[in-house]
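What follows is a set of structures for review.
Each of the next two complexes has chain A plus one more chain, namely chain B in the first and chain C in the second.
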Partner chain A sequence: MNWKRSLVAAAAVVPVVGLFYYGMGQDPKAIPSPLPGRPAPPFALNAMGTADTVRLADLKGQVVVLNFWASWCLACRSEHEVLREAAARYGPRGVRFYGVLYNDTPENGAAYIAEMGGQSYPTLLDPQTRTAIDYGLYGVPETFIIGPDGRVVYKQVGPVTPETFTRYVDPLLGKREAAR
Partner chain B sequence: MSLAAALLALVAAVAPVQAGAPAQGAPPVAGATTARDSIIGEQVRQIASELRCPVCQGLSLQDSPSELAQQMRQVIRDQLEAGKTPEEVKAYFVSKYSEWILLEPAPRGANLMVYVLPVLLVVGGGAGLFVAARRWTRQPAPAGAPLPEDEAEEPETLP
Partner chain C sequence: MTRILGSTAIVVALALAVYGAVAAVVGVRRRDGALIRSSQAAAYANCGLLTLATLAMVYALLTHDFSISYVAQVGSRATPTFFTIISLWSALEGSILFWGFVLSVYTASVVYFTRGRLGSLGSYALATLHAVGIFFYLLLTGVANPFGAVFPVPADGPGPNPLLQNHPLMAVHPPFLYVGYVGMTVPFAFAIGALISGRLDDVWLKATRRWTMTAWIFLSLAIVAGMWWSYEVLGWGGYWAWDPVENASFMPWLTATAFLHSVMVQERRGMLRVWNLTLIIATFLLTILGTFLTRSGILSSVHAFANGPIGYYFLGFIALVLLVSLVLLAGRSAELKTAGHLDRLASREFTFLINNLLLSAFCFTVLLGTLFPLVAEAVRGVKVSVGGPFFNRMSLPIIVTLLFLLGVGPALPWRGAGADVLGRRLLPAAVAAGVVAALALALRVPSFYAVLAFAFAAFALVSNVQEFVTGARARMRAHGESAPRALLRLIGANRRRYGGYIAHLGVLAVATGIAASAAYRFEREVTLKPGQTVTVRGYTVRFDGLWAKDEPQRFVVGADIAALDARGRPYRTLTPRLNFYRNGGEPITTPAVRTRLDDDLYINLLAFERDGSSATVHVIVEPLVAWIWIGGLIVALGAAIGTIPTGARVRSRKVVRV
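This part shows the complex of A and B:
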């Protein structure tokens, strides 16, 4: 048995196989976000269909759910019901829900909301996508959960699920409600 | 872009003629503006070609026709016009999208592997090939002479 040769071959092959194995386990489309843990980028956006401007700075002390969506986004349709239920459940507990329309016209956005049977919370307009880029967005839907201290707690890429809220919003409320 | 720059230069050249004599102070200002515009335009192209388009597969912001890439190029332009340096603009995008957004990772930490490994592989492979080639081109051993150690062991590994 030529053990020297086997050793050299193993030394060359094992790291490569290991690297491939690691690479296969990675999602090539996943983009790491540096935002969780950091202060949420401030914004001042017009709420669709109103003259109101919503400023993140005014929402300090509250848990904010910021959902970027578009009428042309199919995955947004599938999460709409989850968001509606979450807003009904967490809205009364003080969580503020906002949609942000991404690369879409207000007309299409309004038509989509009507088609989906309405939306209990406002949608903000981001005409130049500045806020979306500030949030490091690369597609819709993406949802940000912002804590009462104004920091991003969690970023959900893709549709939210009920677990997204029980896992990330409940603990924030627990802390806040306990502090009262 | 170069067409727009040429048009601007043309306008700058024609403007004083149209305005007549009192516009003597105007040309340098117009000239300075176009020069600054073309510098910024060049910087936008440079930065955009170093940043990855988030909605594409392996395209830079400069090469992507997507809406988001256009808007991000506009952000680059706005930040440069607001007086940020190209480094600061890139740092802004890294702070939003992480180092993933850089088409060429910064050569530090684990990223160094990307720069060092290919060199090591080429050098190591070249050395290995050199040694192997020397062995292959060696004079064949005369018949009856004992085989060199390596070849003598070879049959053992065969099934």
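This part shows the complex of A and C:
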């Protein structure tokens, strides 16, 4: 055995293992969205169960949380409670919450909300999923946080957590409340 | 009870594997025969224990024992019995259990067939096999424990992943893949044994040839079965998508194929010794890498199992194997220098060399494409995806060159031939290639590579068939045998050589099937009302209506599509289906495929109106697809002929004498 050569060869292990180790820490399904930092695509959608139309343009100056969901989506069930608590906490501070029903019938959507014990904010209907396409939706749930300037601040793929709000909504409110 | 039986068996197997590895090494060092024999006994015992654990799991699945974590994860009372049994490999823990079982069977078989004959080489190989066993049994007692306790015991489970319970090929593809993957551990263990013991001659090669061949046959069949499964289930009319995990099964196949050819150079000419060791170590590492990629969640793929800490174990194992192999190879490289050299360029060994370079380059390309997204993210922080266009562009030149070599190789003798011999031998093949190329150009075959593929396939076909014809003719003259008898005797007497040529014919069938179906694919996507027809490439089909069926584990919606003959009369009904599994979100398709030797009519149901007023279908017509599956079987058959032990040959000689 020539141990000197062995030692040199052993060094080759480091970059390979290093690369895989790095890869383990990444989520291969995380897809970067070009939207954060850009103006949120405008929409005018009918709120489920009402005759009202909600326009993004009318919401300028306010923080908007837009949550795409569906009754057939299991992960949406797990985030429902988080969203309800967030709406209860941030609603009074002026944050507007909207659900957007994705690829689902209004009846199923209404039944789901009833089953989950209700929701305090309106859900918008998105015929032909046009708004979902504008927002580059990859699946449900996805949640967009839109700042007072109408720009997308953050896009959450998958269920939201309480930290999503403390991390991205609180600073926006802080800025706005300080400006007052 | 089943739970305790299964988990105890695995814990004992782990302890015995540790003991077996240590005993084999200490036994060699101290020249203690009793210790080595006890290590061999541990291999037999582990085979029994893992069989017991696997049977316990199958029993638990069949009896719906939801107190066992794996059963609670993949079992369901609604799942048909057949799919309940094969759900043994439908999720992480069960597949590792099956892996451990296959490994224990291989280890025991190696001991049985080689015991006492190979001295220190055999003992170090056994220690290596035990060591690999330690890793898998360790996973089974910890992060991939299939026998975990569940309390409270659920009344029912979700059932296996819908994609994995939708087609009987799931009973073939995964187990064959494991038998192929795990089988590569045997030549690897002997390579490591040779490096540690310093017995660097051909003994390890000869001892492992049949093991490598067997593993290679199963790996080949598994890849083709996987393509077939993907064709029959996923509904896009294709069979290969360069998915990271498809690539993971293909890469070790490439290095193993290179190895099967390059060992002949070492046996005949004593060259390429370092190279052969490197190839077989690479093959083993690539099988582990493939498993790592599917189970670590490192790359996005349809095959990915749920990720968890198990990825770090695999990474540690890869690091260890890589380290040990590189240290041993580099340390011994000076002793592996060989005296042989290439005499001529136009020689068999030179074509093998080029074949090896191409196969390795192919493997490297696939590895690069598979891992590039990871590298790009690590180095530049950007997300990229490498898709079909990259792989096709890079691999097509390699594939057509390999097809060409596949024709040249058999015609060239060892140590080389002069130009006249070469011309005489290759002339018919060259004529065939020219004719096919002219024909393909006249018929305006749409892709340049398809033209080359057809021409070189014809070239290789003639060249390989010529070997049979020349050999059989010589026998007919020498022994006065009839043509079929001469052909059978010829193959029987030189199984390895002619088995190889038969495998070549299978590869040509696969290549032709792929080239034709890729170049001549016709498809249409249409929404039809009942009674309406659509015509694709001469096939007219009519939508006759929808039906629905409620089954325990799923709800099925099917469309009746009648294939019409030239007079507009239906002669066959095809029923593409959509399956809504109770445990899954997205519906799973079951395309209706009418397979014939000349072409396939493939119909997939994409969407439907609930009232049956319309259905959207994807109709595809692809030529020669069946030859991919047939070719895969021919490859396996040829390789199996080349693997049959010579014992059978002795018997046939006796018959000749009578």
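What we mean here is this: the second predicted complex is superposed on the first by the 152 of 180 C-alpha atoms of A that agree within 3 Å, B and C clash if a C-alpha of one lies under 4 Å from a C-alpha of the other, contacts with A are read in each partner's own complex, and residues count from 1 in each chain.
In this text, a contact is a pair of C-beta atoms (placed from the backbone, for glycine too) under 8 Å apart; a residue touches a chain by one contact, two chains touch by 3 or more.
Every value quoted in this text rests on a predicted model; they were computed, and no experiment measured them.
Colleague: On the A-aligned overlay, A:35 touches which partner chain: chain B = first, chain C = second, or both, or neither?
Modeller: first
Colleague: Name the chain, either chain B or chain C, that contacts more residues of chain A.
Modeller: C
Colleague: Is A:133 touching the first partner chain B, the second partner chain C, both, or neither of them?
Modeller: After superposition on chain A, A:133 lies in contact with chain B alone.
Colleague: If you stack the two complexes on chain A, which partner ends up touching A:103: first (chain B), second (chain C), both, or neither?
Modeller: First partner only, chain B.
Colleague: Which of the two partners, first being chain B and second being chain C, lies in contact with A:13: first, second, both, or neither?
Modeller: A:13 sits against chain C, while chain B stays out of touch.
Colleague: Touch test for A:23: chain B only (first), chain C only (second), both, or neither?
Modeller: second
Colleague: With both complexes superposed on chain A, which partner does A:2 reach: first (chain B), second (chain C), both or neither?
Modeller: both
Colleague: Do chain B and chain C land on any of the same chain A residues, and which?
Modeller: 1-2, 31-32
Colleague: Considering the complex alone, what residue numbers of chain C touch chain A?
Modeller: Residue positions touching the partner: 292, 296-300, 311-312, 315, 318-319, 322-323, 326-334, 371, 373-375, 377-378, 383, 585.
Colleague: Quick one: which bits of chain A touch chain C in the complex? Just the residue numbers, please.
Modeller: 1-3, 5-10, 12-13, 16-17, 19-24, 26-32, 72-74
Colleague: Tell me, which parts of chain A touch chain B in their complex?
Modeller: So the residues of chain A touching chain B come out as 1-2, 31-35, 41, 103, 128-130, 133-139.
Colleague: Name, in rising order, each residue of chain B that touches chain A in their complex.
Modeller: Per the touch definition, chain B meets chain A at residues 54-55, 67-68, 71-72, 74-75, 94-98, 100, 153, 156-157.
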